[in-house]
Amino acid sequence: MTAATAAPMRDAPPNAAQRVLAPVVLGVVVIGVWQLLAGSGLVEAYLLPSPAAIGEQIVEFAPTMLSAAGITGLNALLGLVLGSLLGVLAALAASSARPVDGMLAPVVAALAVIPIVALAPVLNTMFGADSQVGRQLIAGLAAFVPVFITTARGLRQTQPVHRDLLRTYAASRWQIMRTITLRTAAPYTFTGIRLASSLAVISALVAEYFGGPRGGLGGLISTSAASSAYPRAWAYVVAAILLGLAFYLVTLALETAVSRRR
Amino acid sequence: MTEAAIALVPPRRRARDRGARLRVWGWGLAGLFALGILWEAYKALGPADGVVVAGIRVLPRTSDLAMPHLWEMAGRMLEPVTRAEGANPLWLEIVLAASLTLGIAAAGWVVGVVVGVALAVVMQRWRIAESALLPWIVLSQTVPLIAFAPLVRSWGSRIEIGALEWQDWMSVAVIASYLAFFPVAVGALRGLQAPDRIHLELMHTYSVGWWQTLTRLRFPAAVPYLLPALRLAAANAVVGAVVAEVSTGLQGGIGRLVIQYAGQASGDPAKAWAPIAGAVALGLIAAGSVALLGIILRTYRRSEEQA
Amino acid sequence: MTSTTPATSATSTVAPAVSVTAVDKVFSTKAGEVTALTGIDLAVAPGEFVSLIGPSGCGKSTLLRLIADLDAPSTGTVEVFGTSAHRARLDQKYGIAFQQAGLLPWRTVAGNIALPLELAGAPSAERAARVDELVALVGLGDFADRFPDQLSGGMQQRVAIARALAKKPALLLMDEPFGALDEMTREYMQTELLRIAADTGAAVVFVTHSIPEAVYLSDRVVVMSPRPGRIADIVTMNLGRTADRADDLREDGAFFEMITAVREALHGTPVSGARGVETR
Amino acid sequence: MTSTTPATSATSTVAPAVSVTAVDKVFSTKAGEVTALTGIDLAVAPGEFVSLIGPSGCGKSTLLRLIADLDAPSTGTVEVFGTSAHRARLDQKYGIAFQQAGLLPWRTVAGNIALPLELAGAPSAERAARVDELVALVGLGDFADRFPDQLSGGMQQRVAIARALAKKPALLLMDEPFGALDEMTREYMQTELLRIAADTGAAVVFVTHSIPEAVYLSDRVVVMSPRPGRIADIVTMNLGRTADRADDLREDGAFFEMITAVREALHGTPVSGARGVETR
Amino acid sequence: SGSPGEAGGDDELTPVSLQLQWLPQGQFAGYFAAAEQGYFEEAGLDVEIIPSGGDIVPQDALSNGDVDYAIAWVPKVLGSIEAGANVTNIAQIFQRSGTLQVAWADSGIESVADFEGKKIGSWGFGNEWEIFAAMAEEGLDSTSVEIITQDFNMNAFLSGDIDAAQAMTYNEFAQVLETTNPDTGELYTEEDLNVISYEETVGAMLQDAIWADTERLESDEAYQETTVAFLKAVIKGWVYAAENPEEASQITIDAGSGWGPSHELWMVNETNKLIWPAPNGIGFIDETAYQNTVDAALSATNETGARLITEEPPASAWTNEYIEQALAELEEEGVDIYGESFAPIDVELLEGGN
């Protein structure tokens, strides 16, 4: 990022208040225009409900939304934790032995491009349609990829000067791992976890479209839409966005805390 | 490093590292082989109903319904899709569907790239735009696609520009672009902001304006950031296209086969795995194609190679 | 030994290459206001070689940036060849080089040198001719098609200097251009720079940390002191015309004398005060 | 002026701090074999200050890394205090500092200095006491709880030196530790280093690019030449005990004489040959 | 869209679009047969048949004006109408409900009353209302069972994740019968299963009907004419499917159904059973059956307490006006609109549904 005085090429950076206000103002304007459009009859209110109508549904179904967000959120959280752990372990294995790195490469490449919709039905059969495990696994797989990739990169970032230094201290492999390798990689891992957080939520949500116990946000979105209750469907979508936002903000806070001093 | 990333290494270095490349492929194949062994070994040794701990099935069922043998999946590929006369072999059906989806995903990728780069340019130009837009761009990806698949189709059906009538595949491409634009917007923004201060000031001393700085400095400097973003966008476009096909029921694509064969999975469990393999291959091909772009643009990646 | 008039005689009718008058520069930062420069007065005659030296943070770069119109002074005026610094930048009256060569990695040596010409819309034939000239001037004739990452640090700096000279400026601004080079390459580049400056007749404002470097290169050495940045002293180098200097000067008694003179100007305060320099 | 015996008198019964005998070092790279060092013989007496100087790529760092057992020689032997370099590393017989301070950014000044003690399993009370001592030694008493990014470059280097001294080594290895500092801070740090070396009685092997730095600090200056790296000359500094040197030495005639001596040893080949240094 | 009469010359066809509620398959054989046999063209129509995927709701596509007609289940549309959709049932093609609840023979689930405390499968997407209506009749609250959303296949049932699975006679039921029993190595048979048919319960609801845009029906004369022409062609298509199930099955396969020939033929045959015989003429809306559906819909609440509809749907929700006109004209032309002589064929299901 260029410093403030590179001003010739760019306008002045917004201050903190502007940085917070700008997205809020944009959001309010968009919602306002949407409300006007929805009221004007230019857009079919039936298919794209007005923000006011969505708001009403949010108020009315708040308790259901909360419990649904709980179910989906728990799936996403378990998936995120599981996927992150596996990602870190796999990255450690890959960084410790070239063959493992080579062997994991095609598997990770495949996982990175696999559409959830394709995997959900078979995972439901493998783990049972009456349990949340399939969904948690899908969230886990989605989270695994970015955490693995960023951690693997982070494990390669150890500075040569640090490595030399630890060697001159005659440090053991484990000491080197603990004092520099892991600590250097940590900010990268947490960047990966932040990237993974929204992926985990969206994946847990979409997995609900393909069977399993009911009650999650994804199921409610589809059920509401199928019965033409679009304001309610969008109310659940808003809940889904908020859930994703919550995951993002928490993981962002973690990331910031960890990478304060790289 | 992912396979796609390996494909991005420019040919100069590749030729020099032919031995290394062989090793990479060798280990990659070994990895897939190991995965296969793991699958079959667990299927042979694991309990039919999976491993259940405290009421939670932590390891999958091993029944043929849940985990068909690998050779059955492979063998199924060679057999005809159905008993209907003249039916194509399954693999051909997958290839045909995959090529249709690839075309749609490519269209979605192009739209996503254009939109993403445009957003990045706007955000680079006005910092207040970056503040206002970036959080929403991040949030946009938490909206489940399926929520607006019907909307896109419905709005699309009203668009008619001269002779160009809205086609259903275009709805799918638009939805695919929704996933594709995101990494491009973020990556391009980072790339456009990447030039060193010294380079920016140099341009300033040449008293050139924003536009020339953009084209002569920011875009070339953004290439190393843009390429991985474009690769991610390609993978996302494929995922988006498959989801949108499922969502809108578009005929002829791999997404359609996913639901169709999933519906036949009870009697023919191996068949359901074929479109999954197809989707993965598709994603890898799409991401790999971006590698070609990387080769064309290799002059702009010199700094990267140094690193 | 201290003087405020240019060493090279300049009649008052010829506008000085650089003329800085009563300049202050205050940055406002989150932590508060930082006074980087106060009461700076400096005139550089056409063709003169002036070095700025001083401890880190004394405002050398800031002063150079004001001359280059990369920043504007808080008070006072900066003129370049009789016009405002701003006008001078728009008219490309100067060339500039920094500590990092700052070459575009995706352009060849020739492409990098051609960049300012290209941006100014010079016709391509003219451009090619000028690039050939410049490449030869900095002794990189065989390397025109190389990319920056195929060059050593010293060669990269030579490209940067060629680029700065592309539009035949009568003023060169250089901010520690040899700071990243090793001692031997550095000495070699210093001699080269003197030759190039003599060839082109350009005035040079040169920022450095190195006393021998400043002494070897300059007609006058401007010694600055920090907190707030101001000119502590201007030391004229009694070492003959810069164009005539050669490597053996470095072993000359006069050279060591000048080094001591600059050292003493720098250490105007007792040496132990230097500890303050690096406390922040 | 040239000598191969340590300046400090050492009886043959005391093992030298460093003894390098008939060392070659060849790196095998993708492009082929690179001979970094050939026929290196060098002995450093306990308490002696020896600088290595030479153009970029002549193998200074490589030689230092062999002494530190960060690389192994291709042929020949390296001994530290009479044991193999390997043994010496395991026994923590030396401390080391590089051009980059290489502090762990997530540890405070105290935490960084404590690192080698921690890794060696020193009890925490002892550790704390030693850290206090070292922080005071390098003059950073008030900064023990700061993080590296809150320190200036010079202060960071002082932390690195304190860290190198943590285990009271009788040998300090330093690879351009002041290369990234500005001239004034650098001069100050040089004086500090001499004081610290005198305080601890450690021998120092010091890599530098700067002739004045090498002259000011050393008992002997080892001048190396490249392609392949070998010792061209060893110049003994006739400037008195290093412990007694002070800043005014820099303006002394003897100092300039020594500078000239080292310069001439460096330029054993004609000056124009320097161009070759930066071609690759 | 214009009308078959007025628009330009005789050779100019009126474009019409029809939204299906799922992928092309035997369930919609009549429409594909009408297209393939040229009945639409004869009626002056150029009909585009649009399949749907998981998230396209036919009645909404219609209500939005994306399409001219839509196929959808009555209870789902009643819900949409209460939510604001402005559509009218113009032909009740399926006279009977084809929904089953399938349990294993040894499960002890023999009727809806046995559902209590069990894991009951349903597809969701509004297909669950029949279950809740049937349970309501038995005095069972929707919270007394655990509803599990079924996937596109019967694996949840086959693996024992659910006790009773929802199945259409024409599709999912066949899927079970096409699966090998790992214990015997033979295909499962009907003896292995307990089959509960909602047609025999009060929960029975009307299924595939053709829906039209209410507003256009009221105000657009051309649309009214098109509607009759369209219905006539569709009926001829279904008559063709009844008389030529094998050909009809091939037509749907050619139209993009991915099922194998045996499964497709089974589907056409079972679909025919839901349509024929049609005592009032195919497509005629039986007021009692309609009212039963409304009553059942009113009685059902799902597990979150939400209800499909809370009040009687408006009168505009259905009309026999157009189907009567179509039937009358067809009867005059000598088409068998009652299918009294309809006889289903025997279809052998083959492994895998291929």
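By letter and in written order, the chains are A, B, C, D and E; residue numbering begins at 1 in each of them.
As a working rule, contacts are C-beta pairs under 8 Å (C-beta built on N, C-alpha and C of every residue); 3 or more make two chains touch, one makes a residue touch a chain.
Given the structure is predicted, the values throughout are model-derived calculations rather than measurements.
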By number of C-beta contact pairs, the top two chains: A-B
Far-end chain from subunit C, centres as C-alpha averages: E
Mean-CA-position distance for subunit B and subunit A (Å): 17
Euclidean distance of C-alpha centroids - subunit D vs subunit E, Å: 87
Where subunit C and subunit E are represented by their mean Cα positions, the distance between them in whole Å: 85
Centre-to-centre distance between subunit D and subunit C (centres being mean Cα positions), rounded to whole Å: 32
Where subunit D touches two or more other chains, by residue: none
Touching two or more other chains - residue numbers and ranges from subunit B: 61, 65-66, 146, 150, 154, 201, 203-204, 246, 262, 265
Subunit A residues counted as touching two or more neighbouring chains: 8, 44, 47, 121, 125, 128, 131, 209, 222, 225
Parts of subunit A lying in touch with subunit D, wherever the complex brings them together: 159, 161-162, 164-171, 175, 179-180, 183, 261-262
Touching residues on subunit D, where the partner in the complex is subunit C: 55-56, 139, 152-155, 182-185, 187-188, 209-212, 247, 250-251, 253, 256, 260, 263-264, 266, 271, 274-275, 277-280
Subunit A-facing residues of subunit D, complex: 65, 68-70, 89-90, 92, 94-96, 98, 100, 102, 104-106, 115-116, 119-120, 147-149
Of all residues in subunit B, those that touch subunit C in their complex: 196, 198-199, 201-208, 212, 216-217, 220, 223, 299-300, 302-303, 305-306
Contact footprint of subunit B on subunit A as seen in their complex: 1-3, 6, 8-14, 18-19, 22-23, 25-27, 44, 47-48, 98-99, 101-110, 112-119, 121-122, 125-128, 131, 133, 149, 152, 198, 201-202, 205-206, 209, 218, 221-222, 225, 233-234, 237, 240-241, 243-245, 248
